[in-house]
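Structures incoming, each one as structure tokens.
You will see subunit A twice below: alongside subunit B first, and alongside subunit C after that.
Presenting the complex of A and B:
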């Protein structure tokens, strides 16, 4: 299935560089070049063979040098599902990479892409309504980035007041993380654990 | 009987009326609101305490039950709603999130660590979420507090 789709995309879209990646555990994915994402999605939607008529999820994953955006698309007529992936290189820590919006192909992409922008800081070109969706409009930073630091206050309200922080628990978890520094894969929220 | 006279302090008379007609605002934020609805419904029947008339506007409410997680975005709205309520007004903070941030205490960038950061709270009800009995106890605690207030002696405005 993945190889068929990769071959289909390679033949239909020039420079798509579509490659199927089988997974040992869980679902595999098809990786495409970011510039060809829109054309690939359009081809999958319009093809009679695959007929991908539903976009289910747009999610982002933050790595130290790139952000991966996953599109889970499905065909309700053929009963099939596919993860389409793009890797967006990130020049610096606060860089906001760009990719084409697919709202004009699937309308459900509207809120999903807004969420991805809000949480991971990926800008979607030609999005009809490119605002944040969950956090307030004037929020700083992107919370699901791994180097995210919460701002001190918002509209005069302190976010982590010193007198409200449970310092005993806080110090306990800090100590656990320090003890695990030798085995960095165990530290869940650090980039050092990635392969 | 209809010609008899009752002697009591004006304060006590006013408080008796006020404590038995605390009208809450129709206002729930998260899962605690489900328990609040259960408290208002037939089985636990908040109306027994004169507190079942959930008002659809802050301008007619005496009591705000903050039932649920107060996000930063919602905190702005809560400030506005509280300002729109007429004096004297009371706040019950229901559940761990409204009390102190609940499970979001450490990494909850989006959650206000306790609604008492923005509005004065009269009664805290612990629990996650509190059972209806707990909310009823919180309400009865508030009624005791209202019964002992001296509006005429102190001042009309509680939070001047």
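Presenting the complex of A and C:
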């Protein structure tokens, strides 16, 4: 299935460099070049063979040197699903990589891409409404980046003030973990699990 | 309160004298509006009683589930999944456990599979009852709410006995379920579904066959097949538009491939296919199908262990997976990326409500404000799942 799609994309979109990656555990994916993403999505949607009519979710994953954006697309008529992946290189830690928006192909991409921008910091070119969605419009940073640090204050409000954090609970569990140092089996509470 | 967007032509395209300017009124529906079932804020621009534009604002209930998940061990995430869709907590847990179990290659004992299926279907009934009851309140029909909450209470009591909690259970664990179900409880479930099947006819005649409600719901908030595909609608919203797609049937997980049930779709019995009444009817018919499934599980349940073999220190092999399950509100998908460690590298949740909310700007224009309330109610959102 993945190989068929990769071959189809290579034949339809000249610069796609589509490659199928089968997985031993979990799901495999098809990797395409970022600049050909829009053309690839359009080809998959319009092909009679695959008929990928639904975009389920856009999931960004942050790595130290790149951000991977996964498009989970599915066909409800053919009963198939696919992870289409692009790798966007990150020049510096706070760089915001860009990729083409697919809103004109699937309208569900509107909110999903906004969420990806908000959480992972990926800018989608030609997006009709490129605002943040879950955090306030003037929030700083992208929370699901691995190096994210919460800002100190927002509109004069202190974020996570010391006296509001339930430090008693926190310290108790910290102590429990310290006392059981070196014995992970005691810390994990799965007393019903097998060795 | 009002904004002035002077328009050169009338809002309905009819010729208007240039001296008369028709202004749009901006209304904030929510965040504390009873008809939004949570903290959804919809900014609507109205021309008298007609909605010209609706913009949903999300994020009031954002609790950083995905960021928390990156710092918790795999077992510790289960209680957090409960808190996403608090009306369908069992289904949320099951989806997450399936995802991780598939990566680990764990085999689930048969008894645990049956218990999980019973729980998930009871949860579906409870969730649809909250939908129908509160939907009635939105539309001014209070009596159904009282009946349905009483039935739901019986389910919650049972869950409380099994798991110790009424709404946020942490009952389905990686590898199986936390606690065994007793024969007495199984008997009571059997009695409950028998009674419920009788009562469902009364409830449907009370609400769905009510002339006033049919007038309110038929031909309102029509989601066409094309719109449903474009916005990635799933679950009862998709099936209400006449599309036969149910993951339990088309991509079976657990033991659903051994069970016999039908997929209910909207047929446009009272109006157009895909209107609010169709979505209501699909959910009510799904309750009947759930009863059918529960009966088969009660007949087929086997004795045996309830927990599979899961290592104590749990490390998921490197790789990624995207796994979907059918929840009361639609498809729930987990995208899990593992780097071989004790915590997930990334856990992304595909929430059906999130995509359903994105439909609102398309559905709202041209509707009455009261019909918009009916439309928002009919897509049955839980803001805990939208914002995560």
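Definition applied: the second predicted complex is superposed on the first by the 165 of 195 C-alpha atoms of A that agree within 3 Å, B and C clash if a C-alpha of one lies under 4 Å from a C-alpha of the other, contacts with A are read in each partner's own complex, and residues count from 1 in each chain.
One rule holds in what follows: a residue touches a chain if its C-beta (ideal position, glycine included) is under 8 Å from a C-beta of that chain, and two chains touch if they have at least 3 such contacts.
Note that the coordinates shown come from a computational prediction; the quantities given were computed from them, not determined experimentally.
After superposition on the shared chain, subunit A has more residues touched by C, the comparison being subunit B against subunit C. After overlaying the two complexes on the shared chain, residue contacts for A:158 are found with subunit B alone; subunit C is out of touch.
Of the two partner chains placed around the shared chain by superposition, subunit C is the only one that A:29 touches, whereas subunit B remains out of contact. Of the two partner chains placed by superposition, subunit B and subunit C are both touched by A:143.
Residue contacts after overlaying the shared chain place A:135 against subunit B and subunit C alike. The residues of subunit A shared by its contacts with subunit B and with subunit C are 134-136, 143. For subunit B in complex with subunit A, the touching residues are 72-73, 75-76, 100-101, 105-106, 109-110, 112-114, 117-118.
Chain contact summary for the complex, subunit A toward subunit C: residues 23-27, 29, 53-57, 59-62, 70, 72, 76, 79, 81, 83, 106-108, 110-112, 115, 119, 133-136, 143-144, 184-185, 188-190, 192-195.
Within the complex formed with subunit B, the subunit A residues making contact are 134-136, 143, 148, 150-151, 154-155, 157-161, 164-166, 169-170, 173. Within the complex formed with subunit A, the residues of subunit C that make contact are 58-59, 62, 64, 66-67, 73, 75, 102-103, 105, 173, 175, 178, 229-232, 238, 243, 245, 250-251, 307, 309-314, 317, 319-322, 324, 331, 333, 335-337, 345-346, 348, 350, 354-355, 357-358, 362, 387-388.
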